[in-house]
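In structure tokens below, several structures.
Two complexes are shown next, each including chain A; its partner changes from chain B in the first to chain C in the second.
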Partner chain A sequence: MPNYIKVMQLPILLLTLLSMLSVKSSAQDALTAQEVMMKSHLAYYYSGNDGVSNVKMSIINKRGKERVREFVMLRLDKEEAGKQFYYIYFKTPSDVSRMTFMVHKDPSENDARWIYIPSIDLIKPISADDKNSSFVNSDFSYEDISGRHPDEDNHSFAESNETDSMSFVIESSSKEKYKGFARKVSYIDRNSFLPLRELYYNRKGVLIKEFTAEEIEEIDGIKTITVRKMTNHKKSSHTLVTMSSIKYNIGLTEEIFTERYLKNPPRKFMK
Partner chain B sequence: MLTKHLLFILLILLSFSTLSAEMMPSGFFQTLWGASLESLNPAASEYTALETRLQLRLEHLGEIGEFFGRIDFLHDSYLNSSGRVDLREGYAKFPIGDKLDFKIGRQIITWGTGDLLFINDVFAKDYLSFFIGRDDQYLKAPQNSLKADFYNSKFNLTFVWTPKFTPNDFPIGQRLSFYSSQDNAIVGNLGELNFLRPEPTLKNSEIAFRLSKQIGNFSNCFYFYEGFYKNPVGAVIIDSALVPTFPKLRVMGGSIRGMISGGIFWFEGGYYDTRDENRGQNPLLINSSTRFMTGYEKQILSGLTMNLQYFANIMSDYDSYRQQAEARGGYVREKRRDLITSRISRLFYSDLVEFLSVIFYSPSEKDYYLRFYLSYSYSDELNLSSGGNIFGGDKIGSEFGQFGLNDNLYVKLTYGF
Partner chain C sequence: MKTKLTEISLNHPGKVITLALLITAFFLFQFPSVVIDTDPENMLPADEQVRVDDRKAKEDFDLYDFIVLGINSQESGFTPELLNKLTEITAEIEDIEGVISDDIIAPSVVDDISQGANGSIIIKPLVGDSVRSQKEADEILFRISQNKLLRGKLASPNGDLISIFIPIESKDLSHRISEQLKLIAENYGIGEDVFIAGLPVAEDSFGKEMFIQMGLSAPVAMLFIFVLMLIFFKKAKLVVAPLIISMMTVIWTMGLLIVTGNTVHIMSSMIPIFLIPISVLDSIHILSEFHDNLKKQSSKDLIITETISELFVPMLYTSLTTAVGFLSLSLTPIPPVQVFGMFVAVGVLFAWALSITVIPALLKLISTDSLKKFSELDEDKYLLNRVMKKLKQVSVSYGKVVIVLALFVIAVSAYGLNLIIVNDNPVKWFKESHPIRIADKIMNQRLAGTYINFLTLDGMKDDIFKSPEAAKYVEKLQEMIEQDDYVGATTSYADIVKKVRFELFEADSAKASLPDSRDEIAQLLFLFEMSGGDADDLYKLVTQEFDKANIWIQLKKGDNQIVSASVDRINKFIEDNPPPVPMEIRWAGLPYINVVWQDKMVSGMKDALSGSFLVVFIMMVILFRSFKWGVVSLLPLSLTILSIYAFIGFIGKPYDMPVAILSSLTLGLSVDFAIHFIQRLRKLFKEKESFNEAFDEVFKNTGKAIGRNVVVIAIGFIPMLFSSLSPYVTVGTFFLAIMLVSGLTTMVLLPSIVYTFQNLFYEKKNA
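== the complex of A and B ==
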């Protein structure tokens, strides 16, 4: 009797396993556009618990003139897709060298930002109403650097999503009127969920900005965009961001993101 | 002599650059030319600035702390000698344990919440530099101090000890004329002025504390200062002549600053206690006063930031001041001096061009000060800017009214490296 049950159970067990597998694989297929964008948001802006990188920003205007900003950036995530801390220590150019900049990002309200100007020992909180304003005069906005929460936009798969084997193709439109874009098309890598290309259109349907991931490397097991480019089609300018000496999970704590370290850069994390 | 120094420094720099790029010092080279707009100005020269400066920054990061130095080599046509070496900063900074940071040496110290106005920040300032078009960083003057910061999870405490009193730099008639209450007139070109500074004794050292606590998005601070007024707002009689002095001062105050609907709000207040003054009885000393300010700053558009600030200075024992001042003749201030300031900062042309203006207007004194500049970043290294300082008022004795003949325009070229 017991043996009989076992024999009878085997196919059921197999069937159950199979059905579980198929459910899993169909779940993979059945990611909604919203879910893809959330995964992408996490892969791009929340990789690891924290991280440090040296950043070189080349801003090239329409006449080909180049300006360069170099800084060290520290990041700590408090919640996945939620609160984050950013810390930036400027190295060049000369007029901003040794300045520090700190952001307490909170997707549910305005970010809190502070700048420290060492030549006058001044900590200044910065009014942060406009997340679309340019970051250090580059073609990246503050929001391009620290991420726009996917819930602020409606997302759907574009027609070409079916035929594109490499990336998810997603159409997004802002829920509320937004200066950054009216419509956005994102190409999200199907494996790493990193954004490979993003096209930003204004309300008239004109392409205003374009993001491309130029180089992707695996660092500490995490796929990372190490060279990224933002082209501003309105201004015919572009900014190339090269990240080096990237490290994840270096043990940053919330204490680093306070006035004390704004005035005293945490050198041990900035080598 | 300075030329030799400069050559020597340049040689060192060159040898550094061949050694390693890491050790190459940074800094800037700057030329500033400014001219007075008023031909009747009694100041010594029509030029408000004719100077060239080289600033070098050197940093050494060690295992236990860091050293930082910032030196200005200045050629200033106003100085008798051909040049001056000015140590802007030279300090060592190191922690002791987890909770204590020390910064010792020549340094610039700032606290408080105001925009170009100060109540609880009684650290040295350089208003002469501020009024003739030098960079904003020169408004804060260095002082030789010991600063200790104590941090814990509940509050931060900062202690500053300045062994030798460091006064402000202010117009004394060479480049900028000013009001002399003794003469009841705008004066300039007086040669060397004599001030009686506090004796450099331990008893006369300056002490300042700040206790601060962050609550949500708001930074809350209490302040204490024991020292002297930084401007010569008192006088003593020596050999039947009035000699300006820096009266003893204690300041106690507080501030709050934080974000409200996407902008920055601040409020700060303090009580200026003239220690040797007895309820307004001594006409040679400034009366005590209560000062407060409040302001709000917001980014209106991308690249356009504006603020509005209100400041009040309310004199204690005003009636006795008034009687004495009227008996003496000349300028009599109001009990409450109001000041409204507004800053407009606008970035154009991919943020390469910046326009900035700050207006100070006092409804009680009917005087004003307008500060503006236009700056163009030709490249990361090269910046060209031009601006002006315009003063005026009904009364020649009021804070900005006394500078009415000092209107000036300037051009400035900066090369950073």
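== the complex of A and C ==
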């Protein structure tokens, strides 16, 4: 009886193996884990030259209480995988509306950040040296929003990469001691190179955070994760980010990402 | 009727003993299923308002109880090396099972807001990855002292103590976690300099040590009692009997407690230590009487029957009064005390039943030969005989003086009672030399306080605490609370607003105040969240909906007296200065919970004591069928309670949990001697030819039995005086005092009264 089953399964097994081999030969042969991660980094954080979107962030704590933050986010890439500008204009909660926030991201050094506080009409530079700190108290860290450069980690294909036909499975470990994770497992879509799922483990091997791409749409020809979720297993909380009115290559200029525009948001991009 | 049970025992001694052993075995088999509960919080029912509020506050603000780790840096100094070591230690602490690692308050993880380059502000951990120079270390100490949110929490002002506040999942982990903390410190070579404080540790460690003490002191007390009885009665075979009764009583009672599904709480763990002396008392009366009767009779059965019949009524009544004393505890509103009272009462009745059945059976099985030798014990050389003679002389010659003296003692005691201070503090359940006490003392001297209460304000409306009025009210409360000498620090979300504002305006101290605009408050706090501040720290002080705020109050002392004075003062202030918007004020925190259960305990004990006093009086009147004897019988009891509690008042020992519980023991035990004495005296009045003959005789038999009891119990519990846990010392002292005072009043005051007022009390033979 057992032998019979095995014999019956053989063709299926062979077929599966063949199909996997074909995928590999077409897409993966030339790519190292490092390269996959870099492609993913670009697909996720550097799509288009610039972009604008309305972001709704729902932060749900362990008791199921929800807080909502809504903001408009502008992004301009200066160089691929390199310098980037972010501009954030808060809409809700109402008492913080008109607050603006700007980041000049430079992977080779600390980010420069500015915040504008309308109630006292003050622009303040903020020194940041902890990229892993939470972004507006959500479950996303700054780095989850603006990206962690792949060179900061070592990458290798995971065992299950062989059997996964949909995504690359990549294991990463931080080169230097890092609070965000000790080990990360990423599932990268073999076609779009967008991360579908990321698992963050601490030194003790405990799963602390989990990222999932909930919805992916094609916008202006670019595959974009429009609903993303970050679950914090340590705090039993999660944050859902929904992006809408996404546009790419709208012609943003560096000028917008200066202190002047913090006080006077560029209306035409704010709607 | 009185001797029915005894006759069965004499006819079937083997069966009776076997049955008793079988029951004992049954109860012994229940022991493995014991559930131990060492949380003093369970002194209050789980649905008690204060506990509901406490849970709510913990849930609303995601709070936990804290263990406070202190590192003595007096010798090493506030150095980069020590700070770097602490950073590593903190990382290890984060990995301890049961530690809420995200919420640890330590130099390496806590955020500090400061001025950065180019007029920027920085929010980042106070101590970075590595401190490189003494200058950096000094700067860190300075920053702690400048930041109200950190001051007195992370380090003492001069840096001679550094501390880490460690939140834990639940209190019952604190003993284990504190052991792990010690181990980590030892691995880093600073084991000597480490202190561990905080109520959870004290409470949990006390629970743990209590059970160890129990396992230690019960057998030691038994051993002492055995040796003392051996001195009195010489024959080991005879002396074993009371010990067997004692053990059976304890096993039956604890077994019943477990089989009925009760947890063994701190309170009920003390049941054995209460039952041992009580169960020995009856046995000593039986052995004394038996010994005296041996000379008169020849048939062993007859001697035993006569002994039991003689003692049946007084033993029944002493057992009933003791049981009533403890049963009264079930009137207190504190569940563990109720359970304790009920089961000691049941145990007392077990002891009585075993005394009149198993002891006769055991005596029956002892060879007549050894009993012969027992009866030949030399009488007159006996110190106790001489003491009894002396005591008799005192009441004959100085009876009136004794009465006047007693009245004087009552008057002085009444004054002393007014001096009683009601106070308790779980940390003080340890002796002063205990590491927990030392840690408590040093850390509270140098830091802002390890006792943390939470004052929560429920504005009942979202975003209400973003309003300047509400924020300023919180600030006003803090200013008032901080005037208290014992309050080392208070912390609220208003402090964060002020701190952010201060740093935002380039450390301009004029700006270290609350803004007048609602939007500004909201935006400053948003800035705090945006710029890397650990928002969880903020949400321990105000809810995410901004409908509730929480003021942390750090007290340097956890004495209930001090805590409740602080709470009262604050409540009064709130009453006089009502909030600008409707708010519900609630308290939470372990020190506050302790205050609440103590209040309940004290008032509950008062009712319990006066109630059982009345019941005992009625029982006495019924027993003696005489009002005047009823009144007289209560004299030793009243005098004992009065003088012991007055003594507590005079020496300034706080009236705490053990002292409160012991009033029921005092009541139950100190009437016993009087019952034996009066019962026997009145019987002798009927048997003997004259008052003097009867008076003489009562000293010889009952007097001696009482004397033996006093010595056995008083000395038997002396080992407890050396316990490292102060409640044990208190219990031991009470046994000693109860025995001495009630023994003395029974053997001096009672005879003096009876002798002086012979006409009133002498009931002539055949009258």
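The criterion applied here is as follows: the second predicted complex is superposed on the first by the 243 of 271 C-alpha atoms of A that agree within 3 Å, B and C clash if a C-alpha of one lies under 4 Å from a C-alpha of the other, contacts with A are read in each partner's own complex, and residues count from 1 in each chain.
Simple rule for what comes next: contacts are C-beta pairs under 8 Å (C-beta built on N, C-alpha and C of every residue); 3 or more make two chains touch, one makes a residue touch a chain.
Predicted model only: the values in this text are computed from it and were never measured.
Taken together through their common chain A, the two structures put chain B and chain C in a clash. Contacts of A:204 after superposition on the shared chain: chain C is touched, whereas chain B is not. Of the two partner chains placed by the overlay, only chain C lies in contact with A:63; chain B stays clear of it. When the shared chain is aligned, chain B comes close enough to touch A:267, but chain C does not.
In the superposition on chain A, A:253 makes contact with neither chain B nor chain C.
Contacts of A:93 after superposition: both chain B and chain C are touched. Of the two partner chains, neither chain B nor chain C is touched by A:160. When the two complexes are overlaid on their common chain A, residue A:236 makes contact with neither chain B nor chain C. Contact with neither chain B nor chain C is seen for A:244 once the two complexes are overlaid on the shared chain.
In the superposed model, A:125 makes contact with both chain B and chain C. For the superposition on chain A, the stretches of chain B under consideration are 129-137, 165-173, 219-227 or 273-281; the one running into chain C is 129-137. Residues 61, 65, 67, 93, 95, 117, 119-120, 122, 125-130, 133-134, 137, 235 of chain A contact both chain B in one complex and chain C in the other.
Residues 61, 63, 65, 67, 90, 93, 95-96, 99, 101, 113, 115, 117-120, 122, 124-130, 133-134, 136-137, 142, 204, 234-235 of chain A are the ones that touch chain C when the two sit in their complex. Partner chain A is touched in their complex by these residues of chain B: 26-28, 57, 59, 61, 66, 70, 93, 95, 101, 107-110, 136-137, 139-140, 149, 151, 156, 212, 214, 217, 219, 257-259, 262-264, 297-299, 301-303, 305, 350-352, 379-381, 383, 414, 416-417. Those residues of chain A that touch chain B in the complex are listed here as 61, 65, 67-68, 92-95, 97-98, 110, 112, 117, 119-122, 125-130, 132-134, 137, 179, 235, 237, 258-260, 264, 267.
Those residues of chain C lying in contact with chain A across their complex are 59, 95, 102, 116-125, 463, 466, 504, 515, 517-520, 522-524, 526-527, 529-532, 534-535, 544-545.
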